[in-house]
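In what comes next, chain A is part of two complexes: it sits with chain B in the first one and with chain C in the second one.
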Partner chain A sequence: MYASLVPTSAEMIRFLPELILTVVATLFMVLDPLLGRQSRHVYGHFSILALLGAMAAAVYVYRDPGAAFSGMLMVDGFATFFRVVVIGVGILTVLPSYRYLDREDAETGEYHALLLFSIVGQCVMVTANELIMIFIGLEISSIASYVLAGYLRDDRRANEAALKYFLLGSFATAFFLYGVALIYGMTGSTNLATVRRAILGGSLGSAPIFIGVAAALMFVGLGFKVSGAPFQIWAPDVYQGAPTPVAAFLSAGPKAAAFAIFLRIFLTAFQPIGPGWEPLVWVSALASMTLGNFAALTQSNIKRLLAYSSIAHAGYVLVALAARSNVGTAAAMFYMAAYAFMNIGAFAVVSHLSGKGERYLKVEDFAGLGAKQPGTAALLSIFLLSLIGVPLTGGFFGKFYIFKAALDSHLVWLTVLGLLNSAVAAYYYLRILVMMYMREPGEAASRIQPLTPGLRAALVLPALGTLVLGIFPGWVLDFAGRSSVFVR
Partner chain B sequence: MPTSYAETYFPVLLQAVIAMAVAAGMLGASYLLGKRVRNRVKDMPYECGIEPTGSARERFSVKFYLVGMLFILFDIEAIFLYPWAVVYRELKMFAFLEMLVFIVLILSGFFYIWKKGALDWGETGERRFRKP
Partner chain C sequence: MHPITTAHYLGLSAALLLIGTVGVLTRRNIVIILMSIELILNAVNLNLIAFSKALQSVNGQIFAIFVITDAVAEAAVGLGILIALFRNKETVLADEIDLLKW
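The block that comes next holds the complex of A and B.
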């Protein structure tokens, strides 16, 4: 009876990226107390090697797509796309962390181990094909993220960030889990496809209302994880208090994974009740865009500004979800990839400029950066222009495809309001550009350190990614379009 | 065979009502029938029969919480052994290898907290925890 539970070797190979990351992260834990301080950079190097290996494995296992572990995991195009995105986010987070951890005199082994564990969780989330596995991935990813947010233990803001993130995050996962419990009670299954068949089959009798309740509860949990309004309150405080590379990671990796499961659950299991949840997503998308953009207008702290901007960007992706179409799914996938590049790049510049103890975090501190370090300023300009959505950058095509998908699904008002929102957003990004190029250098720009090789890579790679997605969007979009059919 | 939703869950409701009735009955009966003696000794906090000493609101070393947390972690992990033992015969070598992997993971966690000094009670542990 249980013999069918033994996984075949093909199934184990489909799990290879997660295996690589888990083994290396566990090795870090064992090595950390043994190795001394002089080998503090070893972990970073091995993190990058492990992440590259995992990315190669993720691409390799896509040659033989299919289910694994009794259908709990599903390696398809959709999962592979998001696996590559979250692992890529990991690489782009490790690169600026070398300098950051040296500067703040923090331990490196635990940091990289936690980062890898968090990415393992996200990989599990995006490949999971049923609710319990999604929940386990969500927890692995979240618990490591909570610790990373408070990684600088002596910093009061970091403590506050970690505590807020932990408490609100636990509440959100509880909501999600309650939804899972209701679904299991109603349909007798946690497998997404089976749940969908049960809803379609109409064998639920007098209980379809509970399916709606379950969808609403999961919406609360996932809305928190993607920092969509009205569940966004934690984001500014957490991004401000967390170490800057961690804030970059939080705004890209866990968010991309959360959107992946958002799409998978709502477009697979809850597809039959789509007309029911569409207004919820509609309102949440509009609220996130408006609240994020207008709150960002008045921010003086750059990390809070980027946090509100990330809430607004979550709103754009929710527009793609509200479209409830394959085009919308593909647009959301493309947007998450483009957003990961541009946002991590922007955060890497912030990390570089802020100096020891993150002293320089005001928007005014960017004054004169264009004169003092033209290369850094030019790269930041690319990221900001992409965040605005200027053509030739990934951000432009991301927004373009999202609003095109929304129009295709006749969400005219949401599109109009979204486009107006993008116009508002231009103001606060341009303010930073004006600071950099049209003001005399201030204290922060004068004291800026030269770029280290790690930081240089952390700035140039996302810039390249942003431009490649902006000039040749076709390849990524084709893949996203072909993969989006798996989420149906 | 119960047909409607209400019928399916009626036993649950019944159980909840009985549970509440039992609890209310016990409390009510002791309230009505019990003999109440109030004096100084009765009002003292119960400490296993010993006379209470000092206030209960003292500051504890954070080590208590750390050890308590670690204990719960490892305790919960040990529970996995029970379902595993039930299906061990059917899964044979696979189950053995899987549990081996699991134990290795636990042991590496144990090694980590030990070496990091989380279990040391004295000065050495604190020093190792501090930044170098």
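The block that comes next holds the complex of A and C.
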């Protein structure tokens, strides 16, 4: 009995990505007071090394997939895919952070430690096969991100963003937990597959109503985390107030991980009651798309605009969840990867242009960027076109597969309304493009600094990713299709 | 005397959830909002332990310990953020924190 509680070496190896990141992040915390200011870039270099190591480990451990720690973690294709996505988001966040932290004269050690801890949490979330583990991962990720959102602690906007993120985030987690507690009480287990068997077995007596309540509470909690309507209220404020690289990170990493557990919980444990929750997701998807896109139309602050756009994009992924099919899951996986690239790229440009103290954040500040820094403008164009969903970009195939999955599941109205929505969205992205290429340079574009190597990498890598996903979508989609089957 | 059954614990826990939720949504003082969130987490703990007893399974109690640990970590970070805010802007009232559009 007790022998089975000691993890085997195979199980420890399946946990290798998390181990690498935890060790490095802890080292940063220890070294931070010892190293002086002249070594401030060391943390960034080691973060990137650690993240590359963790990504290699995540791919390596997939050679021998399976469960770890008494079935609490499950290394399968789905987990590996999302591990690579969240670690990749981490790398793309570290790259623009070099310049950002220098410019704002902020400490670097704690920043990178918190970032790595947050990514550890996301890796645990996407690998977890069990509700307690999902909760622990969610909290490791969330608590580190609350602090990151308020990292510039002398900046009132950052304080406010952190506080709002914290209050609404922990409120949402509490709801999620209440749902988990009910599930545990009704089924006697927190393992997703066991919960599913208990629901299917029908031996629950008066429990179906409680299962429904639990599913609804967990839907509220996860809805907050993915910023789907009507729980999106925090997103614009938090993205506006948080340091720009952190806003980029929040809009991609925690969101991808939250969608991963959303898909895993609702398509494994709650799959038998699918017809019950589908209307909820349907309404939330439509509300997120409509509210996000229409609110974005009127925004003048670029970070708020991108926040509303990220709400709309959460709506598209919820459409894939509403499809309740393996095709839908694969489409959601593909979309999260494509979205991570294009959104982080766009935020990196914003971070570059905004200048010290983030002064230039108006859409008008993009005026003349095409003339002053053609390379940056061209890369931003790729990201914006991908966000619109123009062919040859990852965003196009992401939307295409999602709406195809929705049609396969006979969600005709949702598909039609979603497509109309993406037409509306084109307007506010094109507005930025017009601003960049057809206006005379303003103050922001005239004062723009040359690109640093870190920033250059932070712009070129996501652009390459967006184009590769747009030109060779099959590479990623095949893998996503094979990994999207939870229940065999 | 009626024995106290799991249903009683569930009722108490649901009441705590309701009080906590109303507290978060209506109170102005951020410290009280924090306390309301803790109240919801305690409702969760009560549920877990009642179920753990009813099911004769120890998992629920272990889970409750995790929830307590998490609540502590959350409170520490939350109060830290609140102190950072208070240094820049001397208020703990939610409706006065309005630099960003709420």
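Quick notes on this structure:
The rule is simple: the second predicted complex is superposed on the first by the 485 of 488 C-alpha atoms of A that agree within 3 Å, B and C clash if a C-alpha of one lies under 4 Å from a C-alpha of the other, contacts with A are read in each partner's own complex, and residues count from 1 in each chain.
Just so it is clear, a contact is a pair of C-beta atoms (placed from the backbone, for glycine too) under 8 Å apart; a residue touches a chain by one contact, two chains touch by 3 or more.
The model shown is predicted, which means the values in this text are computed figures rather than measured ones.
In the superposed model, A:D237 makes contact with chain C only, not with chain B.
By the touch criterion defined above, A:Y184 reaches chain C but does not reach chain B. When both complexes are overlaid on chain A, the residue A:P33 reaches chain B alone and has no touch with chain C. Applying the stated contact rule after C-alpha superposition, one finds that A:R156 touches chain C and leaves chain B untouched.
In the superposition on chain A, contact of A:P279 is made with neither chain B nor chain C.
Of the two partner chains placed by the overlay, neither chain B nor chain C lies in contact with A:G201.
Chain A has more of its residues touched by C than by the other of chain B and chain C. Residues common to the contacts of chain A with chain B and with chain C across the two structures: 154. Across the complex, chain B meets chain A through its residues 4-5, 87, 90-91, 94, 105, 108-109, 111-112, 115-116, 131-132. Listing the residues of chain A that touch chain C in their complex gives 132, 135-136, 139, 143, 146-147, 150, 153-157, 159-164, 166-167, 170-171, 173-175, 177-178, 180-182, 184-185, 188-190, 233, 236-237, 240-241.
On chain A, the positions that touch chain B within their shared complex are 1-3, 5-6, 26, 29-30, 32-34, 37, 105, 107, 154, 205-207. Residue ranges on chain C touching chain A, taken from their complex, read 6, 10, 17, 20, 24, 30, 33-34, 37, 40-41, 43-44, 47-48, 50-51, 54-55, 57, 59-60, 62-63, 66-67, 70, 73-74, 77-78, 80-82, 84-85, 88-89, 94, 97, 99-102.
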